[in-house]
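Below, chain A partners chain B and then partners chain C, in two separate complexes.
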Partner chain A sequence: MAYDIQTWVSVAAFSAGGITMGFGAIGAAIGEGYTAASANEAIGRNPEQSGDIFKSMLVGQAIAESAAIFALVIAMMLLFTNFTSHILMIPVLLSAGLCMGLGAIGAGVGAGYPAAAACRGMARQPSMSGRLTTNMLIGSAVCQTPAIFALVVSFILMFTDFSSSPVSPTWAAILGAGISSGFGAIGSGLGGGMVAEASCDGIARQPLTVTSVTNVMLLGQAVTQTTAIYALLVSFILMFKSFPATDLLAPPMALLAAGLCMGIGAIGPAIGEGFAGRSAVDGIARNEKHIADLTRLMLVGQAVAESTGIYSLVIALILIFVI
Partner chain B sequence: MEDLGRIHQLIVHVMGRDLTFNLEVIVMTWIVITALICFGFLATRKKSILPGPIQVVGELFVNFLYGLTEDALGEELSKKYSPLICALFMFLLLSNWLGIIPHLEEPTKDLNTPLSFGIMGFVIAHHAGIKAKGIKKYLKAYCEPMFFMAPLNIIGELAKVVSISFRLFGNIMGGAIIILVVSYLTYSIITPPFLNAFFGAFVGTIQAFVFTMLTVVYIAVQVN
Partner chain C sequence: MAIEGADLIRASAYLGAGLAMGLGAIGPGVGEGMAAAKACEAIGKNPKEAGLLTRTMLVGQAVSESTGIYSLVIALLLLFVV
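And now, the complex of A and B:
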């Protein structure tokens, strides 16, 4: 039985919708559960603060859920939009779904960490609950950045007209773009969350260090996101560079491999940088005098951890431009 | 929806080449510059021990950013670099906030703006590094830990420019695209103001601060 292109586009849209929401549900659920666990622990330790802790848990969970809501938006759009029946819509929809689904994992788990630490902190240091909430909000908002990158790539994929591009290498470029940003967002979300968790814990331990801890947290999170930004860069190149039409299989595979290489290569460095940032922030909260040394050491350590991400970027760019 | 990816461009043919000007970005950048000059003029016009409201805001900015630069660079260098850092932060902050006002757009939404600031920070950091350490020690830093690692170290330095500018660009442009798509889907009912507050005011402030702080840190890493 032969199906027409419209059928295949619908198949792609429905399966992509499922993939998006399926993967997108993983991270947020873990993050929210972790927050709830910490809130329980905190109320057990300091029952008098249960009202504040409960509120903070709900706010933190709401933020951790936003990545899953992004995935829900994309899934709904995939299910209910009428897409044009062009053969390139099939990779476009699959890629958009994969990108947002994978991209929501890291940010969901990551945003749960600071919320959990804020709940624990309120039990330990009730007078700082205002600053803890502010810090938690900033930290989790920065954690969402990789998920926002994934959302943007999904939107651009769905709303850009690829119909004038040649089918043969473009399908692989489109898939590669989605995979790159999707996988690339996992590590950065997690790593950024670790740094933010340490900062909330640190503020509760030593309230006087709040300004320096927040500043270094932002710095650590920003550096943690670097590999997600490389992944975004590779996605943009794959989406907007025009590739010559080809009948061979090798050039499209090179483009797909570039996306895979950058996406998967971005996971590890970001988590590693998150470890470095977490310990640096923790150290600053314990010993604020040595903030300059700790910050420098953190940046140098993160730069070394990032070098493998740069290797991935180099290989991805070679795959796109040289081969 | 056709707004997505549309750029107003003026293309001038000069000697067989096309010079492309993104008109909207130029106009918006000038709006930001004018607003900042007005702010600077108003803040310093009537200086007094009991400051007026605008002077207080100005002093707040200067104090905060001077303290930040001093923490990273030490007292001597911060006198030199803090005016630059202060100007950078205020420009980026106002640029990121500009999109909140209808019909105006953030200049930072165009990659050219963040990229030029990224390159500016890169050049300043390396100039400061060469000045502080001397050219020999500066070049030697690239051959760490082994001399054959030099190409990768150079790529790592260049990647810093890419990461700092794409971080700002991605966040601001991402926010703008999300607002555009959501407004289109909901027929601009209710949600856009909240999204503007989040992406324009909140994320914009954080990203302006992160960009400024990374520029300071890049200078500090080169100097030490």
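And now, the complex of A and C:
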């Protein structure tokens, strides 16, 4: 019994919808749970501040939720859009779903960290609650960027007309693009969150260090985002480069491998850079005098951790352009 | 379309190269980050030893980098030699 292409496109759309929302729900729920746990702890320590702490818990959770809402939007679009019945729509829909589903994990967990630290900080240092909220919002916003990259890639995939491209190897380029940005977003979201958590904790401990702590936090977070940007770059190349038609299996497999390589390879360095940034920010908050030494050491350590991400980028580019 | 043996081998070599470098990049990245984190903590406690700590951190990171370089070598071998 043979099914027509329209049937397979629907199969892909509905499976992708499930994948998107299933993966997309993981991160936000963990992050928000962590925030709520810290808020309870903080109210237990300082019940008089419960109003402020409760408010900042809700604001922080709302930001962590946004990654899951992106996944919900993509899932809804996959379920209720009438897609053209072209064979390339099958990889397009699966790829868009995987991209946004995986891409929402890191940002959801990561954005929960600074919100939790802000709640703890308000119990400890009520006078700083305004500044803590600002710092939490900046930190969480940076954690959301990789989820936004994944959203952009999903939208581009769904609304680009691939019908004039050769089926092979374009199917693999499409899948690779989604996988690259999806996996690549996990590490950067988590790493950025760790740095932001340390800065909120630090401001609450030593309110006078607020300017240096926020500055170094932004620097550390920026470095953690680099691997997500490499993954986005590889996705764009895979989506917009035109590849010659082929009957062989090897060329499409090289493009799929490029996406896998850059996506998975971006996870580790970003998490490692997050560890380094967290400790550096923490040290600066304890003793601002060491800011020069700590910033330098943080950047050197992060640069070394970045190296494997760059190897992955090199291998991905070789797979796309040289092979 | 029938897939020939040589084509299948090339395809698996490419896929293997991508997986080798992608998965192989996770461990060194996380490990080197932990080393840098502890070095930052130690400098925060004892800034006079910054030079010694930086050197120790870099040596430790270089050792944990080795598995990343093995992955890179294997990936390049799969792409260009095998």
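Here is the rule we go by: the second predicted complex is superposed on the first by the 323 of 323 C-alpha atoms of A that agree within 3 Å, B and C clash if a C-alpha of one lies under 4 Å from a C-alpha of the other, contacts with A are read in each partner's own complex, and residues count from 1 in each chain.
Here is the rule we go by: a residue touches a chain if its C-beta (ideal position, glycine included) is under 8 Å from a C-beta of that chain, and two chains touch if they have at least 3 such contacts.
All values derive from a computational prediction rather than experimental measurement.
Of the two partner chains placed by the overlay, neither chain B nor chain C lies in contact with A:59.
By the touch criterion stated above, A:167 is placed in contact with neither chain B nor chain C. Contacts of A:286 after superposition on the shared chain: chain C is touched, whereas chain B is not. When both complexes are overlaid on chain A, the residue A:156 reaches chain B alone and has no touch with chain C.
In the overlay built on the shared chain, the residue A:5 is in contact with neither chain B nor chain C. By the touch criterion defined above, A:229 reaches chain B but does not reach chain C. Looking at the shared chain after the overlay, A:307 reaches both chain B and chain C. Touched residues of chain A, counted separately for chain B and chain C, are more numerous for C.
Contact with chain C, but none with chain B, is seen for A:275 once the two complexes are overlaid on the shared chain. In the superposed model, A:79 lies in contact with neither chain B nor chain C.
On chain A, the surface touched by chain B in one complex and the surface touched by chain C in the other have residues 300, 306-307, 311, 314 in common. Touching chain A in their complex are the following residues of chain B: 1, 4-5, 68, 71-72, 152, 155-156, 159, 162-163, 166-167, 170-171, 173-175, 177-178, 181, 185, 198, 202-203, 206, 209-210, 213-214, 217, 220-221, 224.
Against chain A, the residues of chain C that register as touching in their complex are 1, 3, 7-8, 10-12, 14-19, 21-41, 43-44, 47, 50, 53-54, 57-58, 61-62, 65, 68-69, 71-72, 75-76, 79. Partner chain B is touched in their complex by these residues of chain A: 77, 138, 141-142, 145, 148-149, 151-152, 155-156, 159-160, 212, 215, 218-219, 222-223, 225-226, 229-230, 232-233, 291-292, 295-296, 299-300, 303, 306-307, 310-311, 313-314. For chain A in complex with chain C, the touching residues are 187, 247-250, 252-254, 256-276, 278-280, 282-284, 286-287, 289-290, 293-294, 297-298, 300-302, 304-309, 311-312, 314-316, 318-319, 322-323.
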